[in-house]
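What follows is one structure encoded as structure tokens, with my remarks underneath.
Order as written gives the chain letters A, B, C, D, E and F; numbering starts at 1 within each chain.
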């Protein structure tokens, strides 16, 4: 099997995290994995959702959307149909859960950080790029809170990154682009901490069910990819 | 560790699938796992979504909702806020994917089967009960199509069932009820075919990240639970 | 004239009220009239709508919905079209008005009881079954409030029941099923108290206008049916 | 008992139907009952709803709304909350049913007439004024279709009018204004044909249940009011 | 060139402002420009939007809508599509801005006045008639507040009126009716104060771009029209 | 007066149009005016809106939105409130009108081009940057249609650009940034063709009314700015 873009099975696309991509957000990152490009911003607000008021705990939430022409065919804006796209809803719930898993909500204090992930170009793996870039934006916003003396210590217990793995033409491959993803028979997203632990594993048999052995191969590739992503995060965020 | 209801770690709650629960649907099942009760109906329509018209392929989709007082605290109906609940959206996408994985869409022909999963009482594991019961309703509707000569052969390639597993008080347990689920530190849903293959694995570290070893324990419990559920399906559906 | 199911003109279908049908609601009843089945739950909340705050008065409101496949042809969920179905809106307003008519809102105190009526199988007369079963659920929730010492006395001044009557093939009949209802030329819903007084009368000429004499016949049948329903309520609720 | 505006118990407020109130609609009427003023227009469209296509039958439907400041306190527009007001929904269903009851849908042919009832000033009885005025607008639109040779004969089998009756300070009164309506203990809307038959009777015990004897008094007053309204319609429409 | 209705190029249609058109609003005016008729009401509420609370400043806002049959072809109500019409949104923002420009918000104090402009008949120039009539309604409501001693002095610094001008068959004309407006190649709305200053100028090349010279002609006509409208306002409002 | 960023009164901020900014759209441009950055894409679809079907004419429409953190304070997504923001609605109508003014719709043929303008950073003048960049994206998409032989000749009759002018501290200035715009007493957007003609002029007295003399100064500045923008467009688009 040869991958459409000639990569080795365990080879990720070039990854780039550009910090300070926009000027207003407390944390802002352009996350690129190959042709996939996502603007991730972290916005701090000095209030929490009603169910947390007065508890001294912070909150981190995420929103995900695609620009209409981030894809090959123009996609209608959600507001046209008055409905949040089901896939977007599922993805933003995943991003939020993934990032909250490393947040020390007591250390963050009673404030909310919203991670906005807006895809400007989609070539597979947008949810994973959103998590990897979203973590970087979250880190920058927290760093700013610490630097400004708003909070005492970094409220993050580990870094988080995510990568997609899948079975393409009956072989396990790392970091699928759109051409691979749309033909993958098994698709799996792996979210891990910088300590090598899992936060979320979502494996789906798109074209056919899969065996335990296949899942093991996918998880191994996922561990490898996330480990590499954490290094890149570290080099960019300087820690 | 003792489980709140005294079960063994690998013990499921009593499971009951009542077929013919309502009279209009082509397939209808009341799925019960302990106190969790879900009405699953399969409705056949002689049309497919626009993107499939003229291709000779069928479609299976699912919708999931909870009655307002299926839970301990009354939950507002979606129509009140004009928004499909994000969790419901995620769950119904999962149910649809899980069931489509065993559908021979060519054999089904150009028609759609909608699986409605309406939770009348929720005590943990509603999405799994929906998949297990939804498959039974789907099977009954297909059987009816075959019996009436509308299609030639059963368009299902295997049975599908699902069970939740999780880490509760640092131990892996099977089939969590609400008391366990709400305190679980890792939560995992496993969807499998009657052939022992995986269709979907979704593991989430709710309280903390988890190790590869923990995931392996959870998958083993999941395999055990799904295998038992397939037997129950077989005994009820008579095949 | 012979009725489709062979009943006498003044004969109701078998009526069954199953209390405690679900486990979370303060009051819960499965109301069955023939094949029509409605889950009625009463949920108590310790708050009232804004327009009643601080007045020491309680509130009772109702919501009504049909499961998608409670009917012969699958009915889309309201959330799909983002619009509460006009018929459902009309019916839930009727249920709320009917039940409030027997509530001593001062005795109830500043709390709200929401009656949810979810039709799982519809064979005519769902709004009447909702009122009859909704009253039983309301009664049970109030009894619980009294038993727990939250309120001092039952805040209900009478029982409420409802029955449909109509003109089918030019004759007045009691408790129309769907086959009759869909061909009735006059359709009338009668809501009464256990004291034999009217709470609501809604007569509509569906196929043709009707005379005063016909209305009188319908009202007489309605009185007869409601009287029988009150007896059944009394035997089930033990009062 | 003295009525707030000094009328006799069986005295209606001054009624005025101004035809040709706006210039575009096929039929247009300003209906006034005392201070209640409703613009009623009938719009003809050469198409029917999907469920009627190809059946050779026409359709009549109605929409009802109140201008924001038609009432004492400004009422938000429905579009602000994205929800059709429940009361408006109920009323427009009533208007549509009432008018369809006298339409010969075969004679109308495959076209739809929409009756828009927009309340510019509300002082009680707006739904009844809408029906009485809506009929006049419908008549004018049908007359125009006949005059232009689009259809051969008037597709109306009788005139329709409506009046509210109620029990105010324990006495039955005709045509309640807002001051009376808001304190009425029983409220009843009566819709009749010019042949003296009933199309719809909706009696509601707002403050307390009511007896059969009281209902009889209300119906008698309703018959009297509708009869007078039909005369006024006839004098205005010239038939 | 001859105008469709024979007017001179700089001749406005007959203008009529009927005060007290409805009885509940604090200010109420029927504004007519030729066949264009708009009901303008001003409603005073003793609260301001959240962003103004506690600042001691008032607010004036506007809403604009057309009755479904105010136009030649019936227009669906916004609530049917769940979307505020884009054109209505644009117009009501213009009306609000125009009126706020002459409001002394400190003198008005912490209260809001909502100007509702409901078009009952549209023959061109509805947004201008809404501004001209809306100012009159606003004036009446303010006068009432002064007369009742709620505020000390009139919180209005000038009168506001608006007129449409345009290039029709290559000539600049004043106050276009619908027949002209729908064929105009340039369309311009001019909003001015009674002091001869501009509040808003919106010129649009509908059919072709326009020159600076043409714009100058249009502005001159606009000044002439607004000046005349201010006189009419003064004669009606008695100041 | 000194401008906040030290520019001369008639000096624009640095302008940059980056073509080919994203890879899927038929035309794609990143438009920057100082810190304001807008992604403009042109998407071609081989269909037109229903009202144009079968007429052989093309259509150009626009959509405008801001990323949540394109501004100083995070702005909620429209889909959260289920309402298209009124300001966005007004702006996208303006962009669509402005671009359609130079489209030869017959030459374009029966296809639609949608211009999406997504603001990723807002520092004043986003609607003008959207028009200037949107024209460039439209040009590129049309050039592609010509190059691929889909249409015969460029369906554009001139270039379009737009600039904001305003009165800041009582002096007319060109191209206001956010700091100026938020304190401007008069705000004016000027849209012009490359032939020096006006397409749209929108002047608004935000802080006070303005005189004819002030408007003349603003228009002169606008002409100067648009002329410079057209040169930049020409140099980038190579024509």
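One rule holds in what follows: contacts are C-beta pairs under 8 Å (C-beta built on N, C-alpha and C of every residue); 3 or more make two chains touch, one makes a residue touch a chain.
None of the values given here were measured: they were computed from a predicted structure.
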| item | value |
| --- | --- |
| Centroid-based (C-alpha) most distant chain relative to subunit A | D |
| Approximate Å spacing (C-alpha centroids) for the pair subunit D, subunit E | 33 |
| Centroid distance [mean C-alpha coordinates] between subunit F and subunit B, Å | 50 |
| Separation of mean Cα positions, subunit D and subunit C [Å, integer] | 27 |
| Residues of subunit A touching at least two other chains | 82-84 |
| Chain order, ring traversed from subunit A with subunit B following | A, B, C, D, E, F |
| Touching residues on subunit D, where the partner in the complex is subunit C | 82-84, 86-87, 89-90, 92-93, 97, 101, 158, 192-193, 195, 197-206, 208-212, 215, 219, 223 |
| Contact footprint of subunit A on subunit F as seen in their complex | 22-25, 28, 35, 37, 39, 41, 43, 45, 63, 65, 67-72, 74, 77-79, 82-84, 114, 116, 118, 120-121 |
